[in-house]
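In the two assemblies presented below, chain A is common to both, partnered first by chain B and then by chain C.
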Partner chain A sequence: MIRLVWRNLLKHPLRALLTVGSLCIAMFLLCTLRSVVTTLNAGVNSAQQNRLWVISSVSLFVQLPPNYQEKIRQAPGVAETCKWQWFGGFYQNEKNFFGQFACDKPELLKMWPEIEVIDGSADAFVKNRIGCMLGEGLAKEFGFKVGDTLPLIGALFPGPDGAAWEFTVEAIYRPSRPTLDNRTMFFGWDYFAETFRAINGGEESDVGVVVVEAEKGRDITEVIAAIDGMFEGGPQRVRTTTEAEFQRQFVTMIGNVPRLLSFIGGGVFIAILLACVNTMLMAGREQTHDIGILKALGFTDSAMFRVLIVQSMVLCVLGGLSGILLALLSAPVLAQVLQMFFPGYTILPQTLALAGVITVLIGLFAGIVPAWNAARLRCVDALRSQA
Partner chain B sequence: MFVPLSYNFRSLFVRRSATALTVLGIAATVAVLAGVLALRQGFTTMFAGSGRSDLAVFLRPGATGEGDSIFRRDLGERLIKTLPEIAADEDGRPRASLECFLGIRRSRVGGGETYVPVRGVQQQTFALRGEELTIAAGRNFNAGSNEVIVGQKLDGYVQDCSLDDVLTINTTPFRVVGVFKSEGASQSEIWGDLDRVMAALERDSPNRVIAALDPETDVEALNERLKNNEETPAKVLTERDYLTSQTAVLSGILLGLGSFLAAVMGLAAIFTATNTMLAAISARTQEIGVLLSLGFKPFPIFLSFLFESLLLGLLGGVLGSLIALLFNGVETGGMNFQTFTDVAFAFRVTPKVLLIAIGFATLLGVLGGAIPAWRAARLTPTEALRRD
Partner chain C sequence: MTQAMIKVRGLSKTYTRGGETLRVLDGLNLEMEEGRFYALMGPSGSGKTTLLNMIGGLDHPDSGELIVAGEDLSAIDGGELAQWRADNVGFVFQGFNLIPVLTARENVELPLSLSPIARGARRKHAELALALVGLSDRASHRPRQLSGGQEQRVAIARAIVTDPKILLADEPTGDLDRASGDAVLDLLVRLNREFKKTILMVTHDPHAAARAQSIVHLDKGQLLRIEQNPAYVLPDQKP
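Entry: the complex of A and B
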């Protein structure tokens, strides 16, 4: 029976190939689009439960006064705090864009256990005043190595002598969870703050965001209420959110992208399903004559049913598998292309499983009508038909 | 002699289930392409389409947008007073206004957060805008008071943005006294008095100067002149160019997404069309034999089948466009990454979008029909007639 299936498929090699090809494309698209959506949600799903982001209630671009961190540290339930200050500089020219943050270095390493230093050392990063730590992807992209001097032009903050800032690469990190991307640069708050003071006649720099680690076992909502309550009367109101909520807001801000992608995915799915049903129907119709002969030779209805189902399955599974393979092979390239907007693009095993299940379903669905027709066919009618 | 076209029409009709499935496949591809293009069209038209070329935007040199442009107030005022290119109104006052701008955190009506642009303006701004902006409900804000007016798109989309609501910026409550109507991006903005908004945001510097220029002004030359000017350094561009520059990233993403999907799905659609045509031709081998023996040359037969496939594509294109037209005018929204603010816009299925969609579908049909048609044309009459 397997040979029969094989022969039938090889009878029209081009047609078989095209069907496999369209399924391959369908599954490739399905995996890719789905992965963009899961990548978007990855930050939300893996967010640290007890990390809270304290941001101005007005805007992410409005800074908090310098004394806020100290006050927040006094709030009940706060175990640790870390400043993040957006630096917004660029390397050589404005096209080389990546996130740079001035942070409290020891707290950063303590509060983000997902930072794994894979080259250089965390110690050297903390000790060197102008030391910085780069994400693996960033280091690879620009060819930065540990020990290199990295000059940045501060678009928002002029450097020590009014020109460029200099940093020494002391560590390269790899995030073990998608809460951080691998294209960010971190450096020390002290270097930033001292330079800022020197340029601005002793004035303290404001702080972008304060991240809080709540004490284990504390009711998060109480901690949030305590922090937000502290600054209700100004000078700058804050709104504290959990890390999951913070990430989710970024996702909802992108708006309807996930819905749009699902919509497109649906369109693709329907188009391909139709194509496969179409091919199978045509193949089934053309085999009417052969089926008549086989039935006359004593093949049962159920055997014919199975032959046609298996035929459809073979095509679909071949196509589906190659599509999944293509998606996996293209993942590193796509991750590179998409990193500005969807950092950390990865294909989850669940997505692959979903694609597999859909492949099998298409195979079944596309095969069932011709198979049913074949099983029902009386061999007299079949033989009479001119294929 | 060419094969009559009615032969192809009939054959598509006879094999209607296969035709329908192929057409649907192509239609789905085209609908997706047209949808993404319509989205891009809607976004750029809304955001940049209403930008005026007789208005100039002055930013801090090196700034990429209003958000990162900090224009010192004294410099701005000096610029307005001294720049000869700025037009004057009937009373001899310069037609220019300082504006401040910030995307502020707001809750959406349906839940979730978004960034809504708040703009502090001086009274001259309304003179500059003229008919572009009309109050749809309530009244305009009074200068110097804690009142704001909101763009029509925000009403019902963002919390505290309906008439008589109280909208709090940091610790300062503002009363929403009016809803305004406009064509461009400002329909998603909150407008208030420059000084009051700056006080609420605790800012000393506005973000830009907007001014009407004398019609003869060469904006590029002006930009060159002011770029390195000691007294009043500024980056100058027309409002239209400014708004267009703010759409580049999102519009590029949408174009990239649309092209990628169209290429990949189009390939699948070509495969389907080829399959359909192959089946159509193998079922009609005998007919081809008859045509050949009647004296039709291979080339007209090739053309005939190519035309049949083109028809498939065209039908798919028309159907796909109809599907896309269903979405025409549907409102959606998204983040403009460059301004970091939420913009509401609608799918706009323009004739250009439709033309691209139908052209693309036809191309798919032709490409899909090429191999089968070539195969058909290569048959010899005896061979074709011999097949059962």
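Entry: the complex of A and C
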């Protein structure tokens, strides 16, 4: 019977190919979109529990006064604090864009244990005023090595006389958890602040975010209340959130990407389901006469049901598997392409399992009506139909 | 005394078409002996094909008794009836009814896939059946690559491959030219004489009917008469 199923599928090779092709694309999209969502969620889910992010209550784009860090450090339950300033520069031209942050170097290394220095040294990074630390992916992408000079053109903070800011690569890190991507550059707050003062006639730079490490065992909600309460009366009110919440809000800033992607994935699923149902209904109608012949030869109603269901399953599994395979094969390339927006893009086994289940479901749904019709068909009626 | 292969008692069947009720079989009584070749004749609408379908277990009577190969067909249904068909009946249709996507050998093999015979043995059986109908050299051809006569011979090979007790043929020469039709009829006569198959053939063609041992005439769903064919040569009378 498998031979019959296979030959029936190949009876209309173009139609079979188009259905398999559309299923392949649908499953590829489903795996890819789902992986983008899981990649976004991975950052949120694996966020450090005791790291808190203090930003202006107005918006992430409103800076905090520089003396806030010292005040925050005095709040009960605060163990460490680290400035975190978005630099927004680019290397050579605007296309070479990546995340750059001015931070308190010793605190950065202490508060982010997931930073593993794999080349150069953390000490050299701390000691060298213009020293910077690059993610492994970033270093590979641009071919940076330890000891290299890295000039950055400051889009938000132009260098002295409009020149580039100069950094020396002192360390290359590999993140051990997805809370940090491997395409970021860190450099010292001191270098940033001094240069800023020099350029702006002694004016102190504000800071975008102050990251807080709460003391171990402390109730996080109490620490958050203490920090927020400290600035209730101004001059700038703050909003303190957990790292997970901060990540979630950051993702939401670019729109509700997970929901949007889920809608697209759902749409793709429904469209392909309808296409497969249509294909199988056509196949079922075309095989009515053959079903009559088979029943006359002694094949049972349930055997006819199985023939149509297996036919649908073979068609859908071929398409689904090829889509899943395509998603897996293209994952390394997509990870590179999507690095800037969705760092750490990876296809989880759960995503593959979901795609597999959806493939089987499409196969079952597409085949169930023609299979049911084939089973119910009276032999004499089927034989009377046009061959 | 030869025993009855087919016993029909008070068989009735009505169809409703376009709001009109048609009585196709009307209390038909008939007996057919094992090992004989019957031609079933009658005008259109006389109930020939309906009777053939019922004897083959493809359709159910409204009332009456129908015993074929020792089985009361009005008492079985569904999977049981399908299995009975696979074990006891071989069909030959006017339009050949081969599966177009399968080769001649694969078509002949199909009924054997319902039996526990191993794949290798199935293939061998199918090749033997094709050899019997003189089509060994066409085993790998698809139906559309065969002539009408060849297609019908493949259909006969498929009908006999499981060694059924009864062969039911519905206008087997209806779509064939005279030469091809004669070849098919020769084959049916041979199957009856050499392999003792009980054959029931529906036909409009007196030339085809003349090859049968007995001719059963139906009209308006009732038995008109049964004629014996004096020209039929019994196996033991063959020259």
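Quick note on the criterion: the second predicted complex is superposed on the first by the 347 of 387 C-alpha atoms of A that agree within 3 Å, B and C clash if a C-alpha of one lies under 4 Å from a C-alpha of the other, contacts with A are read in each partner's own complex, and residues count from 1 in each chain.
We adopt the following convention: contacts are C-beta pairs under 8 Å (C-beta built on N, C-alpha and C of every residue); 3 or more make two chains touch, one makes a residue touch a chain.
Being a predicted model, the structure only gives us computed values, none of them experimental.
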Q: Answer with first, second, both or neither: which of chain B and chain C does A:L156 touch in the superposed model?
A: first
Q. When the two structures are overlaid on chain A, which partner does A:G143 contact: first (chain B), second (chain C), both, or neither?
A. neither
Q. Regarding the shared-chain residue A:G234, is it in contact with chain B (first), chain C (second), both, or neither?
A. first
Q. Now for A:S22: first (chain B), second (chain C), both, or neither, which partner does it touch?
A. first
Q. When the two structures are overlaid on chain A, which partner does A:F61 contact: first (chain B), second (chain C), both, or neither?
A. first
Q.
One more residue to check, A:L297. First (chain B), second (chain C), both or neither?
A. second
Q: Figure out whether A:H12 sits in contact with chain B (first) or chain C (second), or with both, or with neither.
A: first
Q. Where does A:P349 make contact in the superposed view: on chain B (first), on chain C (second), on both, or on neither?
A. neither
Q | Contacts of A:G202 with chain B and chain C, given as first, second, both or neither | A | neither
Q: Counting touched residues of chain A, say whether chain B or chain C comes out ahead.
A: B
Q. If you lay the two complexes on top of each other, which residues of chain A touch chain B in one and chain C in the other?
A. 387
Q | Parts of chain A lying in touch with chain C, wherever the complex brings them together | A | 1, 3-4, 7-8, 10-11, 289-290, 292-302, 378-380, 383, 387
Q | Residues of chain A that touch chain B when the two form their complex | A | 12, 14-15, 18-19, 21-22, 25-26, 28-29, 55-62, 88, 94, 155-156, 233-237, 239, 248-249, 252-257, 260, 263-264, 267-268, 270-272, 274-275, 277-279, 281-282, 286, 341, 386-387
Q) In their shared complex, at which residues does chain B touch chain A? A) 17-18, 21-22, 24-26, 28-29, 31-32, 35-36, 39, 62, 64, 67-68, 102-105, 108, 112-115, 169-171, 201-202, 253, 261, 264-265, 267-269, 271-272, 274-276, 278-279, 282-283, 332-335, 337, 340, 342, 371, 388
**Q.** chain C residues within the chain A interface of the complex
**A.** 53, 56, 58-59, 78-79, 82-83, 85-87, 91, 93, 95, 97-102, 106, 110-111, 113-114, 158
